[in-house]
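Labels run A, B and C following the written order; every chain starts at residue 1.
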Amino acid sequence: MPADTIISTSGVTKYFNRGRPNEVLAVNGVTFAIRKGDFSVLKGPSGSGKTTLLSLIGCMTRPTAGSVVVAGRDASHLPERFLAEIRRKTFGFIFQQFHLIPGMSVLQNVMIPLYPTDSTLPDLKRRAAALLDSLDMSKRAAFPVQGLSGGEQQRTAIARALINDPDIILADEPTAHLDTALSKDFMEIMKGFRDKGKTIVIASHDPLVFEDPAVGLIVGMRDGSLTELKRRG
Amino acid sequence: MLLHPGIIGLIIGSGLTLLLLFSSALLGMQILRKWDITSSSELQLSLERKTYLVSTLVQYALLFQVISAFLFIYTADDMHNLLVGAMCATGSLNANPYGFPALYAQIVTLFLAAAWISLNRIDNRAEDYPLTRKKYSLLFLILPAVTAGYVLQLTYFGSIDPDVITSCCGVLFSEGGAGLGSSLSSLPVRKTEIVFGLLYLLVIVSGLLAARSGRRPFTLLLSASSALFFFGAIASVITFISLYFYQMPSHHCPFDILQSGYYYVGYPLYATLFAGSFFGVMTGAVEPFRKIPSLAAVIPAVQRRWALTATVAITLFVILSIVPMVFTPFTLEGY
Amino acid sequence: MSLTKHINILDYTLLSLLRRKFRNAGIILVFSLVICITGSVLLLTYAFKREAVLVLGNVPELIVQKMTAGRHELIPVSLGEEISRIPGVSGVEPRYWGYYFDSFTKANYTVVTPGGRLSEGNKLLQGRLPSAEEKGVAAIGGGIARTRFLGIDDDLALFSPDGKLRNFRVVGIFQAPSELLTFDLIVIGKGDLQELFSLPPGIATDLVVGVRNETEAPVIARKIRERIPDSRPILRREIIRTYDAVFSWRSGLILTLFAGALAAFAILAWDKATGLSADERREIGILKALGWETSDILEMKFWEGVAISLTSFFLGILAAYAHIFFFDAALFAPALKGWSVIYPRFHLVPFIDPYQIATLLSLTVIPYIASTIIPSWKAAVTDPDEVVRG
């Protein structure tokens, strides 16, 4: 395994409702590695297990078997308490539905990941404001999130994913709710972060995403299993 | 007798404490039986989630227990009007043989619940939760204490007989009487003061050494000396400290200082004493866990912080208790 | 150990409570009402108890009454001599007093002679006290002055048992820190009182026994009973005890009846907390996915409980305080006092202490918080993975 591996899975398997009639094998013995600075895409048809694999990598759920090693730390047997810590310190998440919290302002939404830490609120506000500024969102900082356009919501979600200065950015179907122009904008923003040394993992079946020349690693999936592992460029 | 607002409050308040601790012990039993940290089964996941419930239950129980303990003392104090010969809580608690044991059981519950929470905090910092077994076994030690506290307290109130003449602090804590209370108050003032001072010196020295180095002999010494200090301090409150607050040479009541007449000085006094002694004792009590690899890095830092907390709290207690000796003309010389 | 994290979580909790202000305001409203009613019962009880202590502070250490057929009878003054021979007794004094039912205001007045301790400790608002030998003059309590529209130098008309109308010139009106005591009081000379109640000479209402050493009072009381079997010695302590027990018992009873309402409220709280809305579940899932830990969510739920119960507690106890001490317990004064039409106009001395607060906390906040523990935990262990799939 190369020294700059940041995420590696080995035989990672995830069952839902194990042992019950509605048992689902969502991810089936997947082994692969992502290097630091990779721009990678998990691609595959609907139901192939992309989201599940993404949340296994993101330490949001524990594998039924196999292991997930993130930044040198085996996360597969850690108690939840420590998984949360890894999530907070290592990952920035951008969800398919954006998952902003309605009723709160853009600025407050961006601050959320760092509330349960020892950064003071004024400090947090400063960081959130600076991030929004870099994404051309400062004029919307005090707006409640429910009034935002789709593109603005996504920028808010991006700012939120970056507030903890994560090494790895995970995005699930980020372009599903955007038109072509906004999707391209999104890819540009991601490239910018890749250039700053961040590792990017996107789950998507949108050709606009996985055919982008900037994408360096393609992980293809079908029915929970790995079908393709292609490094480009 | 049981239809007194304070007693109804206790039946509900400490009844809920009991309920919380009972449920946490039941959950603890489940966890103990099936716990397997290496498994990633759904069962283990659900047990892991239950540990959060247990710690929440115990934490709330501790909070409720603090309120109930005060309520118990207050209610006993309020009872003194009903009891011939009782002038304050001491007299009421003495009205039948259940009063003081009920109080002791409550104090023990307080300490045990606090100890459980501290253990839990430490345990949660190691990825393999090495103290799980010890922790959940400790729950079974808390159970008898809290049950005893509840039952004794109800028995106490249930069997209060207003016609029996009780002995009050005047008698119980007076120089002439027999029994533990009066043997405390009739301790010679000078000698008690000296012992109190020496114990404090011991706490300070071992506390500062433990806080600086976190090394084994000092933490153990701090444990022992703060335990001794706790009892010494209670004896001193009865023998001489309270008298300076009351400005009366023979009023040996450890409870009246909780009243408004004495500016509620009892609250900070007992809070600092309890917290200080607790952290002092805990510093040495966690010594064996240093051997556990996943805790080896955690424990010494925790010990040093606790040692410092204990030293500071006990120092505050000592300062509070000598303020009236220094700033009021009242003196116990000759008593 | 830093507090910053906890302050941040508290800050977030308050933000999140404000977002659901209507629902939370509803809970706070109901909760404060529960606390207000419970608190009123408690405050009233303790105000009464204190009042009783103030009142009974003036009562002599030991009183001797005569009993006939189990009822209080007038007592021959001559018995005093026998009592004063008991060692430890410093003196015996007859007291003359009685109740006068005024059919005009439908109220009972307490009529006493001056010098008795009942009239001693109380300040006169205006005028002076009549002396024991004086005839045709009276000092009256503020309640009587108000209900009968009397001022200084007006005439107070009372009927004696033979139906004759007697007039007393008002020379003084009482004021007292505690109006319960002097509210219905009339002070007139000894001769006037004997005539008003048609008391035969040599007979008093009861005897006040002076005791050299207070702690010996119970012993002396026993000796009096032994020597004069039809006497009933009453110790001040005993009166205080009775009052105390009665007040505690009454409020205990009310609280027990009220416990049903409390339980209903706890169930409501449980229901509110368990019926976690889809929105809230989603919010918690998002927080957890973004790196909040289960115990952070539990802490947030703790702050939520603290914020709601403290707000309700302060509102409730302020309302109870105003109800009892500014509005004179308007809601349930009749139930607790009951027997005199003048009483509803009394003012109680404001009084609140940590004991009442601890009792009230145990009766209201603890059940509320306890009922939210399990629902909060259920919310806190929400699986972040569920939210991510949207």
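Simple rule for what comes next: a contact is a pair of C-beta atoms (placed from the backbone, for glycine too) under 8 Å apart; a residue touches a chain by one contact, two chains touch by 3 or more.
Here the structure is a predicted model, which means the values were calculated and not measured.
Peer 1: Please name the chain that ends up farthest from chain A once chain centres are defined by their CA atoms averaged.
Peer 2: C
Peer 1: If you tally contacting C-beta pairs, which pair wins, B-C or A-B?
Peer 2: B-C
Peer 1: Taking each chain's centre as the average of its Cα atoms, which chain lies closest to the overall Cα centroid?
Peer 2: B
Peer 1: With chain centres defined as C-alpha means, what is the inter-centre distance between chain A and chain C in Å?
Peer 2: It comes to 64 Å between the two C-alpha centres.
Peer 1: How many angstrom between the C-alpha centroids of chain C and chain B?
Peer 2: Between these chains, centre-to-centre, one finds 33 Å.
Peer 1: How many angstrom lie between the CA centroids of chain A and chain B, rounded to a whole number?
Peer 2: 49
Peer 1: Show the residues in chain A shared as contacts by 2 or more other chains, in ascending order.
Peer 2: Residues 80-81 of chain A touch two or more partner chains.
Peer 1: In chain C, what residues contact two or more other chains?
Peer 2: Within chain C, the residues that touch at least two other chains are 294-295.
Peer 1: Residue numbers in chain B touching 2 or more other chains?
Peer 2: Residues 49, 124.
Peer 1: For a test of understanding, state which residues of chain A touch chain C in their complex under the given definition.
Peer 2: Counting only chain A, the residues touching chain C are 51, 54-55, 60-61, 80-81, 84-85, 87-89, 91, 93, 95-97, 99, 101-104, 108, 112-121, 124, 160, 164, 172.
Peer 1: Show which residues of chain B lie in contact with chain A when the two form their complex.
Peer 2: Of all residues in chain B, those touching chain A are 37-38, 40, 42, 45, 48-49, 124, 127, 129.
Peer 1: Which residues of chain C touch chain A once you look at their complex with the stated criterion?
Peer 2: 2, 4-5, 7-9, 11-12, 15, 19, 279, 282-283, 286-296, 383-385, 387-390
Peer 1: Quick check: in the complex, which residue numbers of chain B touch chain C?
Peer 2: 2-10, 12-13, 16, 19-20, 49, 52-53, 55-57, 60, 64, 67-68, 70-71, 74-75, 77-78, 81-84, 124, 162, 165, 258, 260, 264, 305
Peer 1: In their complex, what parts of chain A are in touch with chain B?
Peer 2: Those in contact with chain B are residues 18, 62-65, 76-82.
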